[in-house]
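The same chain A turns up in both complexes below, where it pairs with chain B and then with chain C.
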Partner chain A sequence: MTLRLQNVCCRYGGEGPLEVTAVENISLEISRGELVGLVGHTGSGKSTLAQLICGLIAADSGDIWLEDLCLTPLKKRQRPKAIDLAQRVGMVFQYPEHQLFAETVAQELAYGPENLGWTPEEISEATQRLLKRLGLPPELLTVSPYQLSGGEKRKVALASVLIMQPPLLVLDEPFVGLDAVARQEFLQLLLAWQKENNSTIICISHDIDLLASFCQRLLVLNRGRLKLDAPIRQAFNEVELLEECGVRLPTARQATLAFQAAGWQLPTEALTLAEAAEAIKAAQTKAGEQIGG
Partner chain B sequence: MAAKKGGIRFGSYYPVDSFVHRLDPRAKILAMLAFMVGIFMVNKFSVFAVVYLAGFVMLKTARIPLSKALRSVRGLVILLLFTSLINMFFTPGEQVLWEAGLLRLTVEGLERSGLMLLRLVALVSFSGLLTFTTTPIELSDALESLLSPLRRFGVPVHEFAMMMTIALRFIPVLLEEADKIVKAQRSRGGDFRSGSLRRRLNSIIAVVVPLLYNALKRADDLAIAMEARAYVGGEGRVSLRELRWRAMDTLALAVMLIFAVCLCVSHF
Partner chain C sequence: MFRLENLVYEYAGGRRALDGVSLQVPKGQWLAVLGANGSGKSTLARHLNGLLQPTAGRVLVAGRPLEEYTDIQQLRRLVGIVFQNPDNQIVGNSVEEDVAFGLENLGLPRPEMRRRIGEALQMVGLAGREKVDPAALSGGQKQRLAIAGALAMQPQALLLDEATSMLDPVGVAEVLEVLRRLHRQGLTIVMITHNMSEVLFCDQAVVLADGRVQLPPQPPMELFARTAELARWHIELPPVTQLGLLLGVEGCLSLPQLVEAMKSKTATVQR
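Let's look at the complex of A and B:
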């Protein structure tokens, strides 16, 4: 599933003083299986872009293609139907647990697949498999989603989208409100699911360390414009640009930069703390050798 | 924040700076009431010409585009058509122009339906002068202030205004939330426009249940937050946004009152 955007613009509030340009002239291409991080400060147009990609709002101009499905037809009548969209792309909103509605978790999970026209056998099989994947006990299926704990609710809400196996998954701040342990667990589950389906993931988050730990590519938005689109390691070399866009560097990168500023010689491409520690250790050994020799 | 695209729009406040925007909301409410009464009393085409002229001048002063004021008329087209047709054919009169069964088109009928049409369009399009130029919060503050004499008779004016303020404050929040839930369910294949009745009903439930649940939870949080800040009701409270009555307000209101009285006098 290749996603293609060409000169996409989107405005809010009609014409007049209320008008806000949320997304301006964005072109990009994302191919199947990519893990993409989308960052930018609040109001930079991340959520708008995410919803445009999912076909939930219409662009004012430009083209968006999901493989063979055009999300921006000239005629309003030709807009893709909810089912056609749901088969191709899943969106996990901020606080997805706010969308839970069914009497039981099983019904909650079945809502999407039912809309897609799956048979009950298919649904129950997919439910079992997914529960196992997410490490949730099968007894949970008969419980009301409103009785679950916060973390479990979030997992069920995620599962209600994952169960449809969308080739493209867009997540808007999926980690907000989870503690550090739950974040890691949530991420690992997501990545395991991604590997199995070879789905594309576009993830909006302010947790730059978490993004740095799993994304391959980084998109940076500022005031509705795409300021940077680069492989993640290179993206963090653009220190000034990122600062201008209000994006923090990952802790590991900050650490290596601090060591460099203190006169140490070490490479800067570290993304995780483990990598940074490696680099520091290597630099130390090297320095030791120099002194020794 | 502006209403989200593809979502539901609410409120008509038009945020520009103008003389009318700066007037005290109490003056605007009273002036609008006077203007409405005046419009109701008009029964001559020539006077309506004056009313429309005055209305357009006021819209211009308030820097509201004419198209925006007329847009509110669009929603009432059916009502307008219906009332003018009824008036046209069922008004008893002497000078019959055309007759078929129960329907009689008379000169009086034409006249009355024309007046009624002008009256309704004027009411609807010029009432925007109040809502376009005054934020809902200002409106509810002004109402509280205007109704405060009723407190002496045991009417809970403050509580009423507080309820209105909270309701107004949360309408956009709820709309935004509804918008988000609709989108979330839509991305799960939920469709409100097509499919069988059962499926469509299910899709509506999938939006209404979480919306209601979240609204109740939010109300609970709000009550706790207000109590935590020692809110006990209206006695002895002062307002963050003090309404200030200036000479301009007196002047504007006086002009409008005189104009309205003239309109009323023209009736006889």
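Let's look at the complex of A and C:
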């Protein structure tokens, strides 16, 4: 077991007319190695849920267990230490600027390991390995993170998390601002890391086509509540529910449904464009055979 | 509205982000600016409202060279800009206060300010949230607030640097509907985006790479037919167009179009 939430609630704005319930009564379990997509309309509670899971904010009620660490103690002084959290979960924020703080990229990556007592040699070796892996030139080590391009910042933020080798990665809109090639490269980096380390990945994204291409499971939030938790192929069968939650279907699924509505006989469970094309071609062949008699 | 003549821009340290860009954006046009990361798109956009000054070449806004806008605020009123990260441009303690920020510097009467704030918030779907603290808004809501702040200044042109990238599909649709309405009213729009489905709403699209125009402005349908060139510059086709190509159908921009094309294809094969 990697992560367990039981009846978790989180509110903003204190008590009174300005109180907002960001997350309400959420329960779920995610196992080691799962690839999970987290979707929902803007303001549905996705980022709040992500921050609760990472221990960055405290729940108002309910229980959160991250591996063997409880994130929901009753008293403030019992809250887990940041260093214990960092070894269990890493988060890459929606805006990398929100988590980059050091004067240089080298210092950014070294921060966590230094707090764990790694030697300078161990830190240097891990840093060089990660930079190479993420396609970042070593010259960037002496540069301020704020001088980097958007894509480079995102990679440095990811590196600062991966260097701690947490079993759980939470990524909040990691693909925003990346061009098509950069997006695929970033995704392949993540998937390779996940495979090698049997990491769990929870990915928040509005890019439903991209999530459909690699996630195994889909969590759908609506106004702070968990409305759907299902294997991804099955999740996209809940067309009306998804529409109600402001989540669109992947293009592949929309396409097969459109052809079905036009009278073609084909399965509608495609997740990728390639799957949709295969289903449509097969239906075209069948339609041709029927017309031919 | 905009005219760029051999625009060159070099950052400190000598990195040339724009390398001789010449481009015209007529008044009232909606232009998409496409390109891979680091192609120069954002650098180009920042010249259009004077955030950056050219290293070489000329930029004309509404017929006047940039250097003639001695009051840079006048240029900023003429050309609004909305960035990808609204946290970099939200300044108010409430939604209403944030939209009012630019208006206060214009010395407008209060009733006029209130009218403009109300209209701007209505346009972006934030009406009723005037008293909310922007820090309590989600990323997408903040983005819409940033757009409202630009619209309240009643600009002649609006620049959007991946302004919808953080929005959910409903939010994107709402913003695009706002932009379509503004476009019908004659606003010039220059939009940087990686979302090819949004490009379909534009009059024309241009492709930058390595700081240069690689594919000149042309209607989206014509641009998306240039598949080999687009792949070279890391520009992805809209998903429906990609699906069409997998099925041997070129130039599809919508699912109904693709279904009809496949029906015709099947009937043709049988004949």
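The rule is short, and it goes like this: the second predicted complex is superposed on the first by the 279 of 293 C-alpha atoms of A that agree within 3 Å, B and C clash if a C-alpha of one lies under 4 Å from a C-alpha of the other, contacts with A are read in each partner's own complex, and residues count from 1 in each chain.
The working rule: a contact is a pair of C-beta atoms (placed from the backbone, for glycine too) under 8 Å apart; a residue touches a chain by one contact, two chains touch by 3 or more.
For clarity, every value in this text was computed on a predicted model and none was experimentally measured.
Novice: Determine, for the superposed arrangement built on chain A, whether chain B and chain C clash or fit.
Specialist: On the superposed model, which is not a single observed complex, chain B and chain C clash.
Novice: Which partner does A:136 contact after superposing on A: first (chain B), second (chain C), both, neither?
Specialist: After superposing on A, A:136 lies clear of both chain B and chain C.
Novice: After superposition on the shared chain, which partner residues are touched by A:277: those of chain B (first), chain C (second), both, or neither?
Specialist: The answer is second: A:277 touches chain C but not chain B.
Novice: Which partner does A:177 reach: the first (chain B), the second (chain C), both, or neither?
Specialist: second
Novice: Using the touch definition from the top, say if A:12 reaches chain B (first), chain C (second), both or neither.
Specialist: It touches chain B and chain C both.
Novice: With both complexes superposed on chain A, which partner does A:105 reach: first (chain B), second (chain C), both or neither?
Specialist: A:105 contacts neither chain B nor chain C.
Novice: Touch test for A:20: chain B only (first), chain C only (second), both, or neither?
Specialist: Both partners.
Novice: If we overlay the two complexes on their shared chain A, which of chain B and chain C does A:123 touch? Say first, second, both or neither.
Specialist: neither
Novice: Between 62-70, 98-106 or 224-232, which run of chain B pushes into chain C after the superposition?
Specialist: Residues of chain B that run into chain C: 224-232.
Novice: Can you list the residues of chain A that touch chain B in one structure and chain C in the other?
Specialist: Touching chain B and chain C on chain A: residues 12-13, 18, 20.
Novice: For chain A, which residues are in contact with chain C within the complex?
Specialist: Answer in residue numbers: 12-13, 18, 20, 40-43, 47, 94-95, 97, 149-151, 173, 176-182, 206, 208-209, 246-248, 251-252, 254-255, 258-259, 262, 273-274, 276-277, 280-281, 284, 287-288, 291-292.
Novice: Which part of chain C faces chain A closely enough to touch in the complex?
Specialist: For this pair, the touching residues of chain C are 35-38, 84-85, 87, 136-141, 162, 165-172, 194, 234-236, 239-240, 242-243, 246-247, 255-256, 258-259, 262-263, 265-267, 269-270.
Novice: With touch defined as at the start, can you tell me which chain A residues reach chain B in the complex?
Specialist: Interface residues on the chain A side: 10-13, 16-20, 22, 48, 51, 54, 56-58, 81-83, 85-87, 89-91, 93, 96, 98-102, 111-112, 114-116, 146, 160-161, 164.
Novice: For chain B, which residues are in contact with chain A within the complex?
Specialist: For chain B paired with chain A, touching residues are 2-6, 14-16, 65, 177, 180-181, 183-191, 194, 199, 202-203, 205-207, 209-210, 213-214.
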